[in-house]
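The two complexes that follow have chain A in common; it is paired with chain B in the first and with chain C in the second.
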Partner chain A sequence: MIEKMTKSRAVFCAVNYALMTLFGVLCLIPLWHVLMASVSDPRLLMASSGIIAWPLGTPTLEGYRIVLSNSAVIEGYGNTLIYVAVNAVAGTLLTAIAGYLVSRKNFRLAKPLTAFIMFTMIFNGGLIPTYMVIRSLGIINTRLAIILPALMNAYYIIVMKSAFEQLPAAYEESAKLDGAGPARILFQILLPLIKPTVVVIIMFSVIGQWNSWYPASIYLPRVRDKWPLQLIMRSLLIQNDVSKLLTSSSEANHVVNMTGNLVKYCVTVVGTLPILVAYPFAQRYFVTGITLGGVKG
Partner chain B sequence: MQAKTARAPGRAKRESLRHDIAMNKGLYLLSIPIIAFFLVFSYAPMGGLVIAFQNFRPQRGILGSEWVGFQNFIDFFTNPSFFSILRNTLVISGLGLVIAFPMSIVFALLLNEIGSRKFKKVIQTVSYMPYFISLVVICGLVTEFCSSNGAVTKVFCAITGRPKENLLTNPDYFWAINLISDLWQNLGYSSIIFVAAITSVSQDLHEAAAIDGANRLRRVWSITIPSIMPTIVTMLILRCGSLLSVGFEKILLLYSPSTYSTADVISTHVQRLGIEQTQYGYSAAVGLFNSVINTVMLLAANAISSKVADTSVL
Partner chain C sequence: MKKWTTLVLAALMLVGIVSCAAADTLSYTVFQQGDDVPNPVEAYEVSGVIRYWQDMFDIDMEWQIPPQGSEAEQMNLMLGTGDYTDIMDMSFNTESLSTLCDDGSIYDLTPYLDTLMPNYKAYLDANPDVKSALFDDTGRIYLVAIVQENPKQWGGLVYCRDILETMTGGNVAFPSGSEQPATIEDWEYMLDLMTQYFKAAGMTDYAGLILPATGYFSTGELISGFGIGGTDYVKADGTVGFGIAEDNFYNYLVKMKEWYEKGYIYADFASRSQDLFYLPNTALTYGGAAGVWFGLVQQLGGTMSLPEYGLNMNVLPIGAPADTANGVTAPIGTYLAATRATTNSGWAISTACSQEKLERILPALDWFFTPEGAATRSMGLSAEQGAANYEEYGEKGCPNGARENGSILWTAEMNTNTELGQYEFSQNRLPGLVVDYATRTCELSADGVDYTALGHQTWTQFGNSAVYPYVVAFTPDEMETVNRLSTNLQDYAHPMIVNFIMGREELTPESFAAYQQKLHDLGLDEYLTIKQAALDRFNARAAK
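Presenting the complex of A and B:
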């Protein structure tokens, strides 16, 4: 629409651009600060305070060397990858099956099953009873405690359901006439047709699992070797437990103190980079993902 | 297929169920793992809520533990910190509702006024990004910036002229720190849904109004906002349904005994007493109280909005 630029409109636009730029810069500053601090000289870093706009001293990868040769960090990385991969594969398959079932029109169980699943969105047992169930299953301190409860959730199933419902019934009917069973219809014919939805669900479960720390903190209290990276990062960044991470190596105490800060920044980068690298590619799916079957709270 | 659509009551119904099972054997088989999953991980915990009415001891199990009626609830309501916990919960989620929620709408409206597509795209990319960074990292940054030598502390103390201190250990600042870091992380992302709604508003309406002499502000007020109202109401309903569930993982990462007076909310109280101090019955009762209020709020907000605004989520 062509419109003449009034004076008040010009002022508004200038202020608006300024505000948006300011907010954008504010979003970036902390990340830039961490990145720059992670390659700074550890001695200068110890003495510095405030935002680091440029590497202090000669840029060094010393912190990354320590972090990437640390067994706890490597182990945490491996654990996170396991949890993410299992969740993305098994979780998405089960979610697809559930979404397919509740979207079948000629299936008597479809409606009751929808209600059965949807009810869990409105009401849940809460933290303690869920914890008791996991405990009584005997899977506390095993990887299953992280993997199993996260496999499915009602929200993703509803998203799958609405994607299946938008497909013409003809696909399924002709496949049925050809003698294909439900598993074959679902995985070979229908699922490829709703690929964008599947991608969104995989993407959000990968990000969710990558960033998850709380379930591991209550379900894996005694097995540090099964901790995901985020939980190791918590003990480093928030509980300030750098010594525990570093004393495994032979470094002397004052070195630990000195490099401690540096290590924190490097771990932050190492733990965040994969998400930020994948982010631009994932971005085009956000709007689809969010506006797909409603809204995630 | 035709026979199934015309269902008769009674025996014929049972017949048709048998027929349905015979017809859809594969689908019934596929349902088993799905039903089992929700039974174990969603419905079993709901059943486990009975321990809220027990003096539950894990060694004795649910059947062997002593029933205490509403004692656990009474213990919570008479707990000396009950009011401060309830107040903190309501204030922290209320601030989100009153400040963060409208700000995400305003942010979307302002973003829509940006003429340059390229600049708009950059701002969107940058402002959505913090949402994907893990809470652990966000809280690590908050901890660093609010420490007695941190960047935020420096700026804050320079402006207010107060002596430098670790802001995170001062209970007076906890609500503000929590709200501001929440805005930093989520403002951009939570505006996506409104940006999408605004883009789908018909341009014809805008042009017609412009010809009638309505200025920009007038058109935003009378066209854009009414058009995105269903989206706003839907989001509001969902917010009301979680009024008592504040982002508790973040509070767990940020709070400390020195800030319990303003930072302890219902869910952190449950976590501390249940998981750390193993008072299972009591904390299950507190959790149940929380869930019930949330469900009632959600249903009430939904009922009101379906009457008033003709929008509902359920």
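Presenting the complex of A and C:
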């Protein structure tokens, strides 16, 4: 149906577009500021205030050279990719199995299990008890300390459960009549039907793991070569905090390292660009994926 | 057969010797912060000094460097779970060392001083100020500390001399006749010229003087010219004072209000609460739009200039101005970097370390308090110590890169190896005595001035007798009360001070008296009593 464009609707659309454009610009300004600052002259950057619209002084890639010449950054990228890939694949798989299990009406433990899962969303053991569990598993300073705890996420299980519950029971019954077992029903029949939800969970897992630095800072204290990118980036950010550079030494010969200010911006770009680029590709699934699990028919 | 038996026996013997030698090396895990070292693990592992030291004492360090920004959390986690490393850098510890010892987390080192650490003990005995900073009230010590032989002041008030030169055509004439601004009148002369300069340059956002958002430097700069300290300070008679509650603070407020009205003080100072006091509004300071601020030694001279943009700055250190109109002939001594050792700066040995390992590591750490060890930790290896055997010295052109025997001059390695952060590690991370070294040629700026020395001399010219030592120890109960009262006092005082200066609150002797009374009502007397008692105990330890 083609909607008639009345005068009031035209005004509404114009205002709507204007506001959305303004909102979009407001979202883009900080990104643009960081990008321009990252290629600015570091000394001029130190003396600047407000939004940077164009590079200050002669554009320079010195900050990027410093960041990318740090071997730990490349190593961090590799580690993050491992954590992201394992978490996205294995985590989604386990989440799907758990979601399917607790969504089955004929499964007696479905409700207690759901309650148990919900309980963990509200209460957790806290840092030290969790650390002690990880330690007693003997996986401190190993990659498993990052991968294992992140495999299951209660929120994702609930989303997956809701998505399965939206599907008509006839799909499963027909499959059973055709002799399909639970695994075949889950992976070949039901999962493809909730593809948007699966994509959203994968994307959430990827973003979550990409941005994750805290568990590594706790569980990988002695193995810097297993640190994810974000932890290395965070260290670089703090290390290059201009206040630290200025006070790290009391000697006048330790001149102010202006590039430290620049490096902060470069670190931000290097750490966020890949995920920013990937995000739009999964965007079309987002609304469908989240609402699919939230609407009761 | 005989040959074979001999061969087998010899091989066994060799294996035995090798394994004995290997077993003799003791390994230690070390929790060590590395926040200002770009590649801390690498820096510590390749350091010639560390390797030389390890070889000398048959020890091996395994470094656990917490991620930057997570040091305190890692420290707490370690203490909370009992997962201690053998050695712990206590920079981020917030717990009292005596509590940690009583809880069985770290060793009390007092019984070992005589037998295993004679050089450390001798140094402590010879330096009561260091001793009182490191021993607790029960006479115990828990730390092998980093002790500064002569700490340099790292920052203080600075001013742009170039502005004055420009405005007077090189004929700067302070009313006091001094070369540098020394009195309130001198400062008014200076601030007036600066304000004229900024206005003539068409600047809209400028600052003659940048005050902290609280309206005063709590560390005592500027306010000391009025005969008082910022918050805690020690008066001439040895009693503890609270600067912003003293009578002379009224004179300070009157003067700041006057300067604010004349436009000498940065108009927007009160809104800059996120700025660090030693790094105020960089857009103004680095943009050439500020005249006087709390600066750093690294900013002295022409380092802030931007000649390609016509900005030629000459930043010089400046002392507080004496309020001669109110009878103050010289500022009181409040310079900051006077403390030579603290209980947050050094290594504690955890109970995870066995007795055997403890008895090996303590003499090794004691070596850093010998003249040779102190020079080595501070300046690098000498040729006599076999600097040539250590890779990075070779890379830097050893033997020329090595320290001369018996000299405390820097080695080429220490001069140039900033990438690995050797300087920071040796100066600020490794326990032992940081020797006072001679100025290096590379410390001189292009104009040949030793700004480190100039800054130190200017900022410390009035001494530090009025400084309330921040190493004074409180009991947990005292600490709780002091923190609570301090928060209450400052929460009330800071907005009032800003309002007085900006004219939002009427400033009269009566209103100031009401302000003082309110501070007393908020518990100022109790606060000062606790502070005084702690200071007295501290001084008593030094006298023992």
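Details
One rule holds for everything that comes next: the second predicted complex is superposed on the first by the 200 of 297 C-alpha atoms of A that agree within 3 Å, B and C clash if a C-alpha of one lies under 4 Å from a C-alpha of the other, contacts with A are read in each partner's own complex, and residues count from 1 in each chain.
By definition in this document, contacts are C-beta pairs under 8 Å (C-beta built on N, C-alpha and C of every residue); 3 or more make two chains touch, one makes a residue touch a chain.
Fair warning: this is a prediction, and the values are worked out from it, not measured in the lab.
Contacts of A:Ile122 after superposition on the shared chain: chain B is touched, whereas chain C is not.
When both complexes are overlaid on chain A, the residue A:Arg224 reaches chain C alone and has no touch with chain B. By the document's definition of touching, neither partner reaches A:Asp178: not chain B, not chain C.
Looking at the superposition, the partner that touches the larger set of chain A residues, chain B or chain C, turns out to be B.
When the two structures are aligned on the shared chain, A:Ile275 is found in touch with chain B, with no touch to chain C.
By the touch criterion defined above, A:Met46 lies against chain C but remains apart from chain B after alignment on the C-alpha atoms of chain A. Shared contact residues of chain A with chain B and chain C: 49, 127-128, 131-132, 135, 213, 218, 231, 234, 238.
Within the complex formed with chain C, the residues of chain A that make contact are 43-44, 46-49, 72, 127-128, 131-132, 135, 213, 216-218, 221-222, 224, 227, 231, 234-236, 238-239, 242-244, 246-256. Residues 1, 3, 9, 12-13, 16-17, 19-21, 23-24, 26-28, 30-31, 33-34, 49-51, 94, 97-98, 100-101, 104, 106-109, 113, 116-117, 120, 122-133, 135, 137, 148-149, 151-152, 181-183, 207, 210-211, 213-214, 218, 230-231, 233-234, 237-238, 264, 268, 271-272, 275-276, 279-280, 283, 286-287, 290-291, 294-295, 297 of chain A are the ones touching chain B in the complex.
Those residues of chain C lying in contact with chain A across their complex are 35-36, 38-39, 41, 62, 64-70, 73-74, 77, 80-81, 83, 151-155, 276, 278-279, 282-283, 286-288, 296-301, 303, 306, 309, 337, 418, 423-424, 427-428, 440, 442-443, 445, 450-452, 455.
Residue ranges on chain B touching chain A, taken from their complex, read 1, 4, 16-17, 20, 23-24, 26-28, 30-31, 33-35, 37-38, 40-49, 51, 58, 110-111, 113-115, 119, 122-123, 125-130, 132-137, 139-141, 143, 145, 149-151, 154, 184, 187-188, 192-193, 195-196, 203, 206-207, 210, 216, 234-235, 238-239, 241-242, 249, 252-253, 267, 270-271, 274-275, 280, 283-284, 287-288, 290-291, 295, 298-299, 313-314.
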